[in-house]
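Have a look at these structures, which come just after this line.
What follows is subunit A paired twice: with subunit B in the first complex and subunit C in the second.
Take a look at the complex of A and B:
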């Protein structure tokens, strides 16, 4: 009984790290540009398929092909940004959120249906020679692939954090978040900052998707659920806190698995959304978010 | 050095500037004074490119500015301090200053400029690792000016540097501005604190309802009848 619970919680944490990774990407884009890209889950789906096809067609190991998935999503992100989002920069914040929500929704439907058309609705996953590898500790099993995925998610998030804290470009990005006019007067090109944060967000979705395709499974319609989870985690962790968002992802994973254990797996999806509403009512700045001013 | 010629500007349908013309010469300390809502800030936004004029010309060193992208203005040697300073509150004092030297040519000589800025504002050096959000109003204003100096501007645009400061600090602030100007930086100062501004500057323009209504040397304007009654609260009863 206790072992089953522990096992569930471990799976929850492992899954949650990927929620965190996806949400950090969405949160970065939203924080910098105020674009609410609800096609974020579809970008994640594309990252998953990139990894899946590279493995299936050319037997490239999914962990080796991660950089390719990143580059693929960087390029796609840049194209979508230039084509669909760039002209929204001049709108005020409210209009920006509304308009990009609609654009993102349209984009997500298009990508979903293209994926259905070309790749069928089949659920896919990558099975490598090491996919079944598991190590056990105190009776709890740790699947190697999922543990590796969590480590990678963690490394990516830390790398992003360091980039934002230590580099000139990262600081320019944070300056833009705080006051874009002051940032402009420093010589920072806001359009480039927006583009940069958008493609970084897309690349993070790509990494998350590739990791999902190897530890779990992917399908064309998976995006919506991932967007929703990312939104929940973004609000849970609090805007503007990268580590807070990542921890928020793990919390969501834990909550889901605890719900699955104590109530029923049926309620797993619902509980995240209930959490979402509770946070918005009682702690709208998020668990780790900075208060205004 | 800087020349505005018949500038008209508007926010949407609301016209804020009407045929504004004036100029600032190299090395000068010039004030733009006038009441709240006169268009002083708008004028600075036009110069730095944050706002496009609907008509008129601006020249800096003989080069037209009116189509210039705002983020490139600083490369020409123009640096604007926004009203209230607008420092980056989540970053340290030093990080703020380093961002001021974002453009290539300033970044190369960053450490040297930093020393100079700390010399003008020793308070900033004492607090360099502190988060800018924890600074007092006066310190933030110093940081904002210091940050603007980090780009090694030839023309510094200051928007209400005395706003919200205690009288004793206002005096200190104006002394520092004078020092900056004496080090060779041309300054265009926007102020509501008319008397202090006129005492400090070489020349001044008076802006009212979006129009230039007067100009002259600081002491000229100080003795100007309508200025005295309108802005300094004095009248010959």
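Take a look at the complex of A and C:
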């Protein structure tokens, strides 16, 4: 009994790290640009398929092909940004959120249905020679692939944090979050900052998707659920805090697995959304967010 | 409205009423029912999403709540009209649960909150009611399409009529003022929260009524079906393609959408949503006032030339 619970919670944490990774990408884009890209889940799906096809067609190991998935999403992100989002830069915040929400929604519809058309509705996953590898500790099993995924997710998030704290470009990004008008006056090229944060967000979705395709499974319609989870985690972590968002992801994973264990597996998908509505009602600034002035 | 407008509307109304008497083909009547359902669904979405400018990504929750209450009461032996009303009221109750907290905050909260609500219901209803809901055999024997058509027509007219009355009222002006500039409206004594909530209540109520009409029309469906996100997204796209925030826009959008879907279904079944998604993005980017706006501008340009 206790072991089953512990096992569940471990699985929850491992899954939650990927929620955190996906949500950090979405949150970075939203924080810097105020673009709410609801096609984030579809970008994640594309990262998953990139990894899947590289493995299936050319048997490239999914962990080796990770940089390829990143580059693919960087390029794709740049194309979508230039084509669809670049013209929103000058709008005010409310209009930005509204318009990018609509554009992102249209984009997700297109990507999802193209994926359905060309790759069928089948659920896919990557099975490598080491997929079954598991190490046990105190009666709890740790699947190697998922643990490695969690480590990668953590490394990516820490790298992003360091980039934002230590580099000049990172500081420009943070300055834009604080006050984009002042940042522009200080000579920061706002278009470049927006583009950069958008493609970094897309690449993070790509990494998350590639990791999902190894440890779990992917399908063309997975995007909506991942977008929603990322949104929930983003709000849970209190918009704008990277660490808060990553921890929020792990909390969501834990909550889901606890729900699966104590209530029923069928309500696993719902619990995050219920949590979101409860937070909306009782603690709108998020669990880790600072109080608004 | 001037005289020609009134004559035009009355003529159209007469045509719509005579339609089932003249057309005996079931497939065409079914198509007409879908057009009417989508006209009222898109118009009801438009009351909140267009007139008050609050993007609602969970309209399916209101539509679904309407189907659930109406279907249950109607199959339990109630008359269809009080059942419909119950459906509309259930939708309103749900709307207030998300609306009151979400409208206190600006930005993304309302859009995500409504999407979350509709997905919660979609999954929960799917888990709770896994059996198909069918009209009992003895009722099925006397099932007729014409009464369904008239009920859908009535709901559509009621939704459009309310939208029209709203746009031309002081209340409607307040709602649109809040959409244009919330702070300015507040400074003139227009309560943003109150006006958004009124738009939400009306939108949810007519979304629920449309759901009720669907429940009265459909012979057999899984109770989860009307809660699916596509109901929200389709009606949102219809409103935008036709002309968001106008009365005629969602009507034109719905007719266009259903007919194009029928045509595309024959040729590129899986890709019709790609076509709609692309069209939707193009409208949002390049003609934010939709078909109606393009038509207005063309007309004005022609009038100037003359």
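FYI, the second predicted complex is superposed on the first by the 292 of 293 C-alpha atoms of A that agree within 3 Å, B and C clash if a C-alpha of one lies under 4 Å from a C-alpha of the other, contacts with A are read in each partner's own complex, and residues count from 1 in each chain.
FYI, a residue touches a chain if its C-beta (ideal position, glycine included) is under 8 Å from a C-beta of that chain, and two chains touch if they have at least 3 such contacts.
Because the structure is predicted, anything quoted here is derived from the model rather than measured.
After superposition on subunit A, the partners subunit B and subunit C are seen to fit next to each other with no clash. By the touch criterion defined above, A:171 reaches subunit B but does not reach subunit C. By the touch criterion defined above, A:71 reaches neither subunit B nor subunit C. Counting the residues of subunit A that each partner touches, subunit B and subunit C differ, and the larger count belongs to C. By the touch criterion defined above, A:162 reaches neither subunit B nor subunit C. In the superposition on chain A, A:36 contacts subunit C only, with no contact to subunit B. Residue contacts after overlaying the shared chain place A:273 against subunit C, while subunit B stays out of touching range. Using C-alpha centres, the superposed arrangement gives subunit A a vertex angle toward subunit B and subunit C of 90 degrees, stated as a multiple of 10. Of the two partner chains placed by superposition, A:133 touches none, neither subunit B nor subunit C.
After superposing the two complexes on chain A, the closest approach between C-alpha atoms of subunit B and subunit C comes to 14 Å.
Residues 30, 36, 84, 87, 93-94, 97-99, 101-103, 105-107, 109-110, 112-114, 116-117, 224, 228, 231-232, 235, 266-267, 269-270, 273-274, 276-277, 280-281, 284 of subunit A are the ones that touch subunit C when the two sit in their complex.
On the side of subunit B, the complex with subunit A involves touching residues 48, 50, 69-75, 79-80, 82, 86-91, 95, 98-100, 102-103, 107, 147-148, 151.
In the complex of the two chains, the subunit A residues touching subunit B come out as 168, 171-172, 174-175, 178-179, 181-190, 290. Residue ranges on subunit C touching subunit A, taken from their complex, read 53, 55, 57, 97-98, 101-102, 104-109, 111-113, 115-117, 119-120, 123-124, 127, 229, 233, 236-237, 240, 270-271, 273-274, 276-278, 280-281, 284-285.
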